[in-house]
Each structure stands twice: as C-alpha cells, then as structure tokens.
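Can you read through this structure? Questions will come right after.
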C-alpha cells in the first residue's frame, strides 16, 4: 500500500530516547543531486553497539546515506546526529571506509597509515602496526599499496578506517572482490569490534556473509528505508514491495 | 596551532615523497619549461638592449604557464582513490592541507624557475643594470602570489566540469595586479631605469591579502561536495 | 508588485527615448572632440550602473557566505559598521585628505564609504538567505552586460580622440577590463560547476574579485605614473547642459538596469522553483506529480 505523500515527506515525530547521546539518529534526511533525489526522507534511529547491515539494490541510496553519516555529504534537508552531535563534530568517533581505497597507491601500507595517523594526532608506529596485524597483514611489507591484491587493499583500507579507534564504523562494501576466506576474517574482526562496543554499519551485496553476525538488516529501496529486520528473511508482505 | 603545523609538515613530506617516487609531474614539467623557454627564444629574438625591456614579461609569462600546468596536478593525486575524502572525514584542520599544498607548489614552481632563469639569461645575453638582489624578493613574492591563489582555485575547480581549463580561467583575472607587479618590477631592475620598491610593496600586499582570504575560505571549499 | 512592472517599463522606455534625444540634440557639441564625445552619455552611465551592480553582487556574496554561521554574521555586521564609521570620519582628517588625488572631494568619498554599511544592511534586510544567491547571479550577469557596453564604447571614443583604440596605462579602461574579466570568470564558474554548493564557490570567487579590484587600481595607477598615457578630455569644467544630459541618461540607464535585473531575478526564482518541483516530484513519486509542479501550472493558467 502506498504511503501518502504528506506523511512520507513530512517530519515524522522523532522517538525520544532516555539517553540521546547514545544513538545515531537520522531525521527526515533528503539528499538531492540536481533534479535527482538520492535520499527521499530517511528517518531512522540506530542503537549504539550494534551491527547494522545495509542492503538494497544499486542506486537505492545506501552509499549516500553512509556518506551523509560520515559528514561527507551535506543533507539537502533533515538532520543527522551521531551521539547527539553533528557528523562533522563527531569526526573523531567515525571511521569511514569507501568503495575506493582512500589510500595512496605509491606508498606502502605502513607509510599510508603513518600519514593518516598524523591527521588524527597519532604519533609513532605502534598503533599502525597493531592495526595492520589486526586486519591480517604484515606491517613489514614494503610493497606499494598499488601493487597489493584487491583483497589486501580492502583490508588495508579497513585498517585506515579503524586506525583512530572510532566508536562508529561506516563501511561501504568492504567484502567486494575479496575472497571468501579473507571476507570471513574481516567479518570476524568486525564482529569482535561490535562485541567491544563499537557501532558498525556495513553496506554489502553479500548479505549471506553477515547472517548470524549482523544484529539488524536495514533494507533500502529508491532512497528510503523500507524495512528493518533482525534476520535475512523478510516478512512476505514487506518483501513484496521490493520485487 | 601545533596540530596545524604537524599536519602541514606531514602532508608536505608525504607530497614530496610521492612526487619523488613517481616523478610524473617533475620530469614532464622540467621538459615542459625547457620547451617554453626554447619557443620563446625562437619567437622573440631581440637585440640585447631591447631584450632588457621585454624579458621581464617573457620570463613571467613562461613561469605563469609552467605554474598553471604544475598547479593543475596539485590535487590530481588526492582525487585518485578519493583520498581527499579520507582527509575530509578526519579532524585535521583544512588550512593545514592548504598550507602544505601551497608550500609544496611553491617549492615545485621555484625549482622550475631556478631551471628556466639561467636559460633565459644565456639565450638573451642578459646583464642586469639595476640592483640585482631585488630580483630575489620579486621572484619569491611573485611566485607565492601565483601559487597561493593557484592552489586555492585548483581546489575550487575540482568541483567543476573540465577542471583543467577552469584553473587558468579563474586564476588569470585575479592574478593581473600580481603579474603587472612582477613584470614591471623585473623590467625596472633589468633596465635600471626605475625603482622597483613600489612593485615589491604591491606584491607583498597582494600576498598578504590573498593568503588571508585563502586561509579564511579554504575550509568551505574543501568541504563543498 | 505585478502591476508596477508594466508601469515602470513604460516610464523607462520614455526615459530612454528622451535620454537619447537629449544626448544627440539637446547636449551641446564638445569643442575639441566634436560629436564623438556624445558617446559619453552612454559610456559613463553604463559604467556607473555596472559598478553599482558589481558592488551589490559583492555585498550579496558576503552576506551569503556569512549567513551560514551565526557567529560570522554577527562579526561581519560589526566589521561593516566599523568600516562605515571609521571610513567616514577618516575622510575628514587632514592627513588622510592629503592622500586623495587632486579634484576628489572628501564629502564625496565619505558618502561612498557610507554606502557600504547602508547597502549591506539594506540587502541583508530585503533578501533572505536563499534569495541572496539569486541576487548575486542577477547582478553579475546584468553587470557584465553593462560592463561590455563600457568596454565597447570606450575604444570607439578613444580611436578618433586619442588616435589609438586602447591605452594600457589608462586607469579607468584597464581596471574596468580586469573587472569584466573577473566577472566573466565568475559566470563561467557558475556555468561549469557541478558542485552542490555552486553558490558558495561563486560567492568565494566574488570576494576574491572584490579584493582584487583595489590592487588592480593601485598597480595601474602607479604603472601610469611611469608610462606616459594620453590625457583624458575631462579635467576642465563641464557645461551645465552636458551635466544635465548625463544625469538624465544615468537615470534612464539605472531604471533600465533595474528593470532588467528585476526580470532576471524573477526568471531565476522561477527557474529554481521548477528545479525544486522536479526534485520534489522525484522525491514524492509519480502519484503526486500534479501537486508538485506548481510553476508550470501557474504559467498555463
């Protein structure tokens, strides 16, 4: 059943929680690119310390939502709050991994992390080495990132995102082009981070990898969140909408 | 303030290291500036006396072209793999990135100028009649004038279509007083006919005004989508 | 407002016609330059109009830039007030007056300085945030048109009088040319931008341009002192009838510019409304398209 326009675009009442600083809220966010709307009024509240998998077809607005959460895309309308602050104010708490690697191809992994560490005021190699080991790579590797395999590059990209120990992880397709073994290792790492109290958002087309790991599956379609389920199996009525 | 300089230094070191590894821009730019000098020599073949009057203009126009080509490559590295986004999500101050890029470009363009100047001197048999030491402040201030706005507008043209051509379109009109200062100042010193003091003051004013403007507005430009 | 537009159009048409008549017939023929001098009645008012429009563009751009942050807005307000107050007082200090070129009256300079805060607050009061950018586009485009008229009529006059089309050392021609270049690049930036924040980029460029203008003026002024340039026919006293004709032409051109700006402003507003409606359409889906396409419906009525 189609939702009336007035209700869809209008401001939905925000559910007030006891501790406003402990959630990530997206309040009626619209993002337009010229005449095209990538997000068409997304309202949602995400609990901290949980693993959210964002699913949907290409062009459903997943990446735009993630970029808006990271503060990279300014919503045309609506607000986003990360633990009660704007994404820009909360930038120290956010780790962002995009589809491209966000790494310099000509430098080694360690050199890359050293540079990005300096942006967060991280001095010394200890933390960088720790993170590289955590993603299953070797800090001694002197090869330039450009010569890494796709899987290694993805893992190094993840290392960059978690370097400053953020409370919120925003990951855009971390498992694409990664072999099953490496993907499972990455999932294990993310699960461990969730267990340590981090909030994890993962966009993926390989939802099966996250079955039993993600606490919640967020289904997006045409710039809206159409469903939120605890398991991959969606109720018949809501799944109809997507078909 | 400390964070600003720490990040500036880290970014500058990173850029120099990357440039040194790939040497893309450096090699092509060195050859490009050599070509510019040679083309100019073939196009203008004046007597020694005339050359003093026109070389100021020739040299700076050549520098301007070389600088624009160099400036266009400033942000290319940050666009590959969208590394700029990694900077934008970090808490590092926007001005640190700007200062690092501007300083890097300043070093780069200065190297090009240092290479092109002797060629001009040889090809045009130049002998300075005025106080030659004053060429140094003119060169330094003039180069900074080109580079500081060039870095800013190169960042601005990232957000446009056909960004390579946008940079000169934005940079040249704003640079006219600086170019006039450099050219007229250099000519004044070469010929020894006038004092170049006013032009040095003009360039200094230009540099102070536009460095301030760039630092004030760069944050907005960086965070524009 | 709607009824005012045709009335003003008629008034402007009459004014322009009379101004042309005045310039060609009423004004006396200049003794040395002859009839060529009459081009001044178009040249000078166009220049004044263009400068005024660029000035409004600069103020609108500043307002737009600071409107995004409350603290910046407050700071800008006090800075503008300070500039107005200090500038006006400074014009009457003997030491400052010595710096003025000969023939420049302190009261005229003070009035010009006072216009800065007046325009600033007037524009801030009349135009809310999103309309500031519409105003900036409008004034830049119309300003470039008038500036082009200045640049075309200038050499047309210079050729028979000076014997040359252009004098690089001439302060007014050359700084007008630079101003024109800056605003053309401003319009190019607007056209080529694919950013979601084109308005902001354009406003930043307008500020750079405004900072550049005094430096251009200064550099050419000094350049000229070293390079002989033709003496401009002014300087002497102006025939009172010439002054009157110039004033009428200025009035006619100002009305015309205002009219053009008004139309352009409304056009741009409508254009943005249509864009917005299209975006809303894509937001809402096809079902409510009729409701969202407001401006289209209005024009067909």
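By letter and in written order, the chains are A, B and C; residue numbering begins at 1 in each of them.
Note that in this section a contact is a pair of C-beta atoms (placed from the backbone, for glycine too) under 8 Å apart; a residue touches a chain by one contact, two chains touch by 3 or more.
Worth saying up front: this structure is predicted, and the values here are computed from it rather than measured.
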_Going by C-alpha centres, which chain would you call the most central?_
B
*If you tally contacting C-beta pairs, which pair wins, A-C or A-B?*
A-B
*asked:* From the mean C-alpha coordinate of chain B to that of chain C, what's the distance rounded to whole Å?
replied: 31
*asked:* Could you work out how far the Cα centre of chain A sits from that of chain C, in whole Å?
replied: 48
*So, what's the distance in Å between the C-alpha centres of chain B and chain A?*
40
*Could you list which residues of chain C touch at least two other chains?*
196-197
*Specify, in ascending order, the residues of chain A that touch 2 or more different other chains.*
74
*Which parts of chain B, given as residue numbers and ranges, touch two or more other chains?*
225
*Which residues of chain A touch chain B in their complex?*
70-74, 88, 91-92, 94, 96, 98, 100-107, 111, 115-116, 118-121, 144, 160
*asked:* Considering only the defined contacts, which chain B positions touch chain C in the complex?
replied: 149, 156, 159-162, 166, 169-170, 172-174, 176-178, 180-181, 184, 194, 198, 202, 205-206, 209-210, 213, 217, 220-221, 224-225
_Residue numbers on chain C that touch chain A, as the complex places them_ = 196-197, 275, 278-280, 282-285, 287-288, 291
*What does chain C use to touch chain B in their complex?*
65, 178, 181-182, 184-185, 188-189, 192-198, 200-201, 204-205, 207-209, 211-212, 215-216, 218-220, 222-223, 226
*Over in the complex, which chain B residues touch chain A? Could you list them?*
3, 6-7, 10-11, 14, 17-18, 21-22, 77, 80-83, 85-92, 223, 225
